[in-house]
């Protein structure tokens, strides 16, 4: 029996929406229905996403409930704030997957502090690999819901690198630092001067330095779920001249009383992700480059202990649009719909 | 009176040597004499550095003492190990400036641990801005020597960002972290697979992760000179697709007992570098991009305190080949020869 | 019934070989057998192609007949000269696919002039879309052979753009010009100074200017097969800072007596490729970018007539490693093995 | 005697304006007065051009006649249409230099056809190297005017490559083709989707294909002045992922009756530009890369004859913002003000 799941995509004209289309187009069980946009409604999709010729003749519709309803799945790739409003009008039986931030945070104060609007409620979190120190496994939550909040791309990189060492505990989570080299597609398609090619080429540009990035509370939340009592993280993203990719370098001191060894850390990392199809632990001493992840749903991770600095260094590379966004959405969708988790996803990157 | 200083350059075919030529060519008081190379001896310079047409017809000579002697200044842009041997044969009255690592470290054990060869001795350090907690100012040392060891490029970025907060003390130097986005010219012209354009484009590549980078003991040395009692630093360089530039993100917890405030940190940074011609403190909340430093001898710095993470974030952007190498050499040469420190250098970058 | 075809790859460590592995790994009917290399024999594949984690634990074998024999298909991704020698020792019943140049040219004098060695003979040409003015269709030749010569990447771009207008005739093939913006993976993995990232970033580098490029006789051959009586083409490749992609801009005057119109040219182009699964004719006035082709087997083409210049402009964008090399190999393999031509290939690019 | 010339810049916030500031800042005889902008008036210059720290505290003024008047020189870096209006209100004794297109074309019909507005009149053309087959030398015209129209960047590249062969005549100017690899700063700072970094990185994007580019009539005009009777040129610009640089590949058949030889062409090119300080003829067989021109006022040119294609290939590399725009403005200003032509300009590029 061949199962077909119909999917509508709201915000299909942006980078996250476009990446979902790219993956859905190659998925053996998904059938794309309504594709909607805001200012670009009315255009053929070929004018917006020329890399998907199979959909070039589709027309972008307006983002209305009428257009989105009557699909098995609705994917929301919208600015924050917009998702909640639409989701509220969709049937409870429709699987709604939000690529935006609206339903990720559990703490309304955190939401209000970082986003400045009222909290729309929390949905099960679309990171199947999330370690839950207590309660049901994350995959069980995803298998049992009609609402999924897909993680932030930077959050996924930091969480996958760090979470194995939280509950063990190997690391002191109150003194975390993370610096991320990030590609420009992560900044979206909005027209801002610093996102111009002439500004980006030949430059490394930091932003949201000093604790203001909205992905911080989401990281804190994840590591707390993974078993951390207190989490404090210095988080600095740096835009570098590539269209895709995140390389996260996370460091932490050893947990009090722990004398770490790289071998043991590596073995623990390997054991943690032994059954994860989309997390690849590299051999000791081998560090990931983002190019290897391009187009793939793979997150490469590794760890070492720097004895002289007395610091554990954890690294993760992934494609911000795939494992960081649309791939995670497909993976979660597969779980929620009872499909094979790997359906429509690849671990093979397009490199060099 | 117009003063002319004759300069020979050994290793003129590499990136560091080439950058010294670029700057020397525009310097009002320098006259380039012998330009030497190893495998490329015999070639016209135009075949190696086509961006300096004024020198295109010069022929690269062999790197011999005969060729190098009889100049006021000899600049060594050689692989480590090679400088020491040549320097030993040059007259004590010749100003010798080593762009390599041979004479930077004071501690022979550190040298041997990181470089695996015997120590060649220590020369005055070519960073005029280095804060010395004790003894004479760095400029005085440079004004009074015929031997100068130019700092490592990553070291300069980390030192300039961090040193103002060491002796105050604002930061706890035993828990430093530094992640650097670095351009490919910093890796030199050696033919290695990971330096190929096809590998670099679209990728962020970390290397020397976990404490093995040779710039680490040099950073420790500098911050100790600046007044730190103990220094431990987790140091991670990440190659990103740009030809030039370093963006260093350094973090540290506040020093014990200190409750920092961004305003106060910024004021302290501003005061520290108030008279430095080549260190530019950006306004509060403005973070440097490397593009602004291209071709200039400027280091841009800034600082903030992230209260939630309880961490001070210090940032520095510079051009690895200019302020990171050849510009620092010119600046030190100017001091040693009694020229205006800014001669032949610009603070204006070639951007975008 | 599920058909499985076993494939060995000689030269699996290079970019062309690696790209074949990437595609073969996702192909529903191919099973990868021996993967061989020269200097990298003995290494795990993960050390060479980290983007294909599913093959990371495979070991690269030596390139010997013993290792390559006993597969249904042998793919040769070797320097020119090497393929012919190995191919001669493989059974006539094995499908041998040469990604190199050895068996592309029919004219021994052309071969000797451009390659300087003796001619190894000609195999059916792995471009299913090649228009043959006379004799059997190209797909028929490919369906009926055990030896296939895969085209050069630049050749494919120029041929697909130009061939529809040759026999009609719309263009004067004696005054063709082609300038190609090409990514660095097309230059292979050999360590040469001009292929270093520091040289490539921020630069456009022409090479083989003035008629010396080895792809020229291959273009001439193709257009002659497509019906041109005489072909003369000025061909200039320009390396630009991207890892993949070719954008070919081809121009020609109208054929004698022809008064062209863009509409009619576009209609003719559309009709020519109407049934081609991997050639996509863009709407009038829409020009292709290479990013849309990344990882896809798609060639985008378009045409216009510039009345003032009295010149027809034909453009083609493709991924040099896919439609330009390994994708063409898979497509031809599919035909030769009686599989669906599209098996294992996608038209969807990884963009942005 | 030290001569000081005061300069105001209208449109100082854009890339062309910013580049003029960069050069003027280092010019021994220029003193920058009013710097004006439109939407960014009121901002400190440091917020707009962080690469010029010496001007960081200057405030951008509104673009009014009051602000611009009372300077020796006014530079207009404005959208086309705007320059003419302002220039008309400035005193005839003020040297006005227009970086825009308004006053370049002599033929009102050409202007109206390509720009769609009424013609503002023609000013002496700021290309000192322009060959004039008849009448006074271009430098004489520039030495004798208070109004200068600076050429378009692509035009300069094509003209410098081609003009030596026009009057000789070596080439048939009725069958020219030009394909240019161009960096993104040439497209200006306007916020357009295809100029976003995520679109540019990893892609080659053609635009204005088929004869619509506004630089075409300007090329035709220049080559006519250089002695061509008829000019027809197929002109295709391709945006490639670099911030600066133009590499123009121009081809033409030999003029009727001419049997060209590369040696003779090269000698003619060398002789033509023998006394030009900013045009550098590379040795036979050496082709220019754009990186070598970064920040320099140098145009590198070369030529060859491709016998098989029966086509002469002429190439030029330059920095679009320097020799292509602001450097040409400084050079012309120097001539008009009676300063040394090279003042404030360098031939040394910032590479790699």
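Note that the chains take the letters A, B, C and D in the order they are written out, and that residue 1 is the start of every chain.
Please note the rule applied: a contact is a pair of C-beta atoms (placed from the backbone, for glycine too) under 8 Å apart; a residue touches a chain by one contact, two chains touch by 3 or more.
Composition by chain, UniProt nomenclature: A, B, C, D = N-acetyl-gamma-glutamyl-phosphate reductase.
Since this is a predicted model, take the numbers as computed values, not measurements.
**Q** Looking only at C-beta pairs that count as contacts, which pair of chains has more of them, A-C or C-D?
**A** Taking the two pairs in turn, the one with more contacts turns out to be C-D.
**Q** Please pick, from B-C, C-D or B-D, the pair whose interface repeats that of A-B, with more than half of the contact pairs identical by residue number.
**A** Repeated interface of A-B: C-D.
**Q** How many angstrom between the C-alpha centroids of chain D and chain C?
**A** Comparing mean C-alpha positions, chain D is 38 Å from chain C.
**Q** Round to the nearest whole Å and give the separation of the Cα centres of chain A and chain D.
**A** The answer is 45 Å.
**Q** Multi-chain contacts only, two chains or more: what residues does chain A have there?
**A** As it turns out, chain A has residues touching two or more other chains at 15, 184-185, 198-199, 201-202, 241-244, 288-289, 291-292, 294, 351-352.
**Q** Spell out the part of chain C that touches chain A in their complex, as residue ranges.
**A** 15, 18, 22, 25-26, 46-47, 49-54, 184-185, 201-202, 243-244, 280, 282-283, 286, 288-289, 291-296, 298, 300, 346-352
**Q** Residue numbers of chain D touching chain A in their complex, please.
**A** Answer in residue numbers: 15, 183-185, 187, 189, 191-193, 195-202, 241-243.
**Q** Which residues of chain A touch chain B once you look at their complex with the stated criterion?
**A** Interface residues on the chain A side: 175-177, 179, 181, 198-199, 201-207, 209-211, 216, 232-236, 238, 240-245, 247, 249, 251, 253, 262, 287-292, 294, 304-311, 313, 315, 317, 351-352.
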